[in-house]
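Both of the next two complexes hold chain A, though its partner changes from chain B to chain C.
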Partner chain A sequence: MKIMVKKEIMVDGISYSYNNKLAVNRISFEVGQGEALGFLGPNGAGKTTILKMLIGLLVPQSGSICVLGKDIVKQREEIQSGIGVCFEEKNLYEDMSAGENLTFFASLFGIKNLNVDGLLERVGLSAKRKDRVANFSKGMKQRLMIARALVNKPRVLFLDEPTDGLDPVSAETIRDIIVEEKVKGVTVFLTTHDMMEADKLSDRVAFINEGKIAVLDTPDNLKHQFGRRVLKVRYYLDGEVKEEELFLENQQTAARVKEILEKYRVFDMHTEEATLEDIFIQLTGRKLA
Partner chain B sequence: MNAPAFSFQRIFVLVKKTLSLRNPYILLAFLGPILYAVLFQFVLGLWKENPVVVVFEKEKTAVVRELKKSKAVELVEAKSAGETKNNIEDKKADIGVVFPSGIDENLSVNKKFELKVYVNGESLAKNRAIALATLVDAMRKQTTIAPKVDFKLVKLGEERALTLTEMFLPLFVILVIVLGSYLLPASSLVVEREKKTLTALLITPLSLSEVILGFAITGIIISLLMGVILTVLTAGFTQPGLLVLVFFLGSILGAEWGILLGLLSKDQTSMTANMKALNILLIAPALFYLFPDWPDWIAKLFPTYYITNPIFRIAIYGEGWTEVGWQVLMLALWTIIFALPPAFLVRRLSTGKIS
Partner chain C sequence: MRRVFSIAGKDLKLIFRNRFIAVISFLLIVFYGVVYHLLPKSVDETYKIGFYLNLKKETVRELSLSRIEIEKKLNEGNDKNKQEAIKIYWANSLADLKKLVLENKVSAGVRLELKEAKPNVTFYVSSRTPEEITQAGEMIAREIGYTLAGYRLPADFKATIIGTDMVGRQIPLRDKMRVLLLSFVFLFELYGVGNLLSEEVFKKTAYAILVTPATLTEFIAAKAITGVIMAFSEGFLLAIILNVLKTEIIFSLTLFLALGAFLIVGIAFIMGALSRDFITLVMSSIIPFVILIFPSLVVLDPGLSSPLLKAIPTYYLIEPLNGFLNYGAKFSEYTSSAFVLFLFSLAFFFFGFLILKRRLV
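And then the complex of A and B:
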């Protein structure tokens, strides 16, 4: 029996140009309920333009976008009450406290009894409720941005480079929240140029290059399809450590491994998979960062 | 949860936030006009005491005895009818009354009689109103029913000879409009865009039209409030309904320009530069009160003339709808005309690039 997964985001042939320069070129994809889709690409690839169209800040010049089953152009306000967005740029009210920021945005959604403490607790800012945001570090501001994106209990979360340039603790807190939300069934759309993050958080990843999707698949499938699986062996030879790379698909590899183990003292041995960045470079000829 | 396409509740939330005293522009809009007016009056020593009433009684009357007790007016007793008129002509009093013989008797039997009241052409409408009301009150105390008095007002002195306070009133009115309904929506829009918080607002169910309406309403509220306070401080508050209507329409016009300025300015620096160019258009009509020899028809070309002039005529001369009605209608027309450019821009931005 085939399980039908509800599509929370449906994008069909959208394009967008800035001053006659094509930034997004006829892109189509779908994201199912509870799925996390990572959009990977270097700066200027068109990730943020796509995100802005998905959340209703830009109107596509061609094609259509349906979020939560509704047309983003015709039913923008209705869609926005069911989505949460966290931008790369910190756009909080700095003269307000953390608690005031959350309460204000909640009231715009018509939410009167927001559990501010609970939300701040989740992002590790419960002790900072009354502190002015202007005094927050970059990591604290980003965690508050995540909390703000969650005030309306969204069904779809849009995250634009959510951990870019953050300290490890803040980045990990944000990743944990993304995973928690996914478990709850929230759909996540994530743009990043951090391939480790995309690999860790995304069910599928899309490589964006020059406004087009170069490839879209699960990280495992991409690695399997485009990567070269290698066994790296280091062993002692004449008092020195020698390194050898053996392709796992090669028929002679097993015999060579047996030979090394019998003849030499092994320093270490491990398999090595291609990273998403390797695959991106292979497919586009460009680096991610 | 589905959000309605337009919601006054969301606009109210934004208005409440924008009205925060942490916003320096709010403080400027609140305190600026008051400080200017108070400082101006203080420096020139033009604080008005109670209205001055000069009286001459051909025979002693209970009405004057009652007026002496009143704390609302300052009473000066003249030695003759001529001295009474001189006091008015010399601007030493706001109104002057020559009481004929038999006043007390007329009041006691409720007989109708005529009373000549000399009015200084330059006195404030507020002062005249207070003085006349006190006079009627003093008469009412001499009779059990409403006194039957036929007041004959005689204006003395040039009406157009204005005090400095009166001459500066139009400038203060413009200041209220500029700092409240014009600068506040413009700065709110520019600051929100500069700090990228506008984008944060626009990914809530709040639409660009609602954001702009919220900022405009905030400016209009402050402008209206400060306009009323300023007029009370400088010239009194006669015909409140008509004055509030003019201030309301003027504030709408100011807010429309403010929104236009905010939408067309990239940041606070460019907003300041644009303002310098636009301010002369706002202030120009007010200058005609300071330089009365300048031809009046030039002032009439500027839309703000239809804010300052009705307020000036109502507050200073106590004129009403009959005299200033056409100017109020012209102001309403300007508000309709200037609503079009911001509406067009908002519509264009809402269907294209927003931030």
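And then the complex of A and C:
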């Protein structure tokens, strides 16, 4: 029996041009409830334009967008009541405290009794409630941005490069929160150019290039479809470490491995999968960063 | 409305946390008040008068008085109080006399003609000459006639105003400055409100608001409320410090202060939407600032008056304020100004809204 997953984001043939330059070219995709979709692409690929249309900051010039079952153009306010957005830019009110920032945004959602301490604790900022945001580090600001995106307990989270340039602790805190929200059934739309992050957090990834989706699938399927699985063996030969790559699908690989093990002292040996970055380059001919 | 007040409340909080804006907004008002109270309450009463005597040589000889003697006689008794002295300038021609008046070197010019038996005295004053100066000048002219002739002349006195007639009274500089100071308070609020907007746009905090259920209209309405509250309360506070809130003009003054605040916020919307940050806001506001302050400079020096003034939106604020504060004008005299001011404000709001919308979405 096929389980019907509720679609929280439905995009159908949307396009957008800036001064006659096509930034987004007839894109369509769907994201199910509790699913995390990683939107991957280099700068200028059209990720931010798509995100802006999804969150109601831009109106698509063609096509349609439904978020939470509602049309983004006709029911923007209703949709925005149920979504949380974390921008790439640290657009917080820096002259206000962390607590004041959260309380202010909660008031825009009509929330009067926000558990500010609980929210700040989730992002590791409970001791900073009364501190001015201007004095926060980049990582602290980003964690506060995540907390702000959660004030209204959103059903869909839009995250634009949420861990870009962060210290490992902050990045891990944010990843943990994303996973926690996913477990709760929150849909996550993640734009990033960090393939590792997309691989870790996304159920499916979409590669976007020049305003079009080049491919959309699960990371495993993409690796299986486009990647090459190799065994990397390093062994000593005449006092030096020699490296050899053996394709797992190759019929001679087993024999060659046996030969190396018998004849040489092995330094190390491990399998290596293609990364999403490799696949992206293979598909688009462009690097991500 | 709840969201509008939330945003406006946040804006007011941020304004008071920005030390620079807080200084501009409120400490300057105190400074203006101090400046006003330090300025002299009275005016220099030295009466500078120009003369052109168109008399037959034999008449002068007959009168056997030199110019120096006339001057000496006129100043007799004035030595004790130099402020009330009379200083005489002599013109060699009627054209020179008019030039003296127009260049404000003398308060009035007197042309004395004695071609027939009955002398003609023509009195020239400029448009900026207050009425009491004109009256005083006429008296002085009669006195001179008496001095020259030795008896009260059966002369015809005729007053001629050179330039636009701006009948008024002599007002101390500091009273004229009240209008300028109020204008300054309003115009500095251009930077306060403009900065509030440009920061929201440049730091992209506006986007954070616009992805909540708050709409662009609510966002702009909140800025308008904040701006009008700030500009109006500052203007009103300065009016209290300047002690101009008299019962007879409190309604008119309050209404025009509110309309002025509305106008300034409309202009600030355009400036703020076009600026990247405070520096670009200041740079791009210099020319508009000079243009907008110009009508209040005309209050200080009416000679700067020009028909083009009516094209400046602040003219419709400054003129009524000047009327209420310095000439005891009634609201009914400025109803059309209130209407024009309101229309200007609406126009600026509309264009500011369009520019902001274009920048944000």
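What we mean here is this: the second predicted complex is superposed on the first by the 289 of 289 C-alpha atoms of A that agree within 3 Å, B and C clash if a C-alpha of one lies under 4 Å from a C-alpha of the other, contacts with A are read in each partner's own complex, and residues count from 1 in each chain.
We take it that a contact is a pair of C-beta atoms (placed from the backbone, for glycine too) under 8 Å apart; a residue touches a chain by one contact, two chains touch by 3 or more.
The model shown is predicted, which means the values in this text are computed figures rather than measured ones.
Per the definitions stated earlier, placing chain B and chain C onto a shared chain A by superposition produces a clash between them.
Applying the stated contact rule after C-alpha superposition, one finds that A:230 touches neither chain B nor chain C.
In the superposition on chain A, A:195 makes contact with neither chain B nor chain C.
Contacts of A:23 after superposition on the shared chain: neither chain B nor chain C is touched. In the overlay built on the shared chain, the residue A:110 is in contact with chain B and with chain C. Residue contacts after overlaying the shared chain place A:215 against neither chain B nor chain C.
Taking the listed stretches 81-89, 99-107, 135-143 or 171-179 of chain B in turn, the superposition on chain A shows a clash with chain C for 171-179 alone.
Contacts of chain A with chain B, set against its contacts with chain C after fitting on chain A, overlap at residues 55-59, 77-78, 80-81, 83, 85, 87, 89, 91-96, 104-105, 107-110, 148, 152. For chain A in complex with chain B, the touching residues are 55-59, 76-78, 80-83, 85, 87, 89, 91-96, 104-105, 107-110, 148, 152. The part of chain A that touches chain C in the complex is made up of residues 55-59, 77-78, 80-81, 83, 85, 87, 89, 91-96, 100, 104-105, 107-110, 148, 152. The part of chain C that touches chain A in the complex is made up of residues 2-3, 6-7, 10, 13-14, 17-18, 203-205, 207-215, 360-361.
Chain contact summary for the complex, chain B toward chain A: residues 1-5, 7, 9-10, 13-14, 17, 20, 22, 195-197, 199-207, 351-355.
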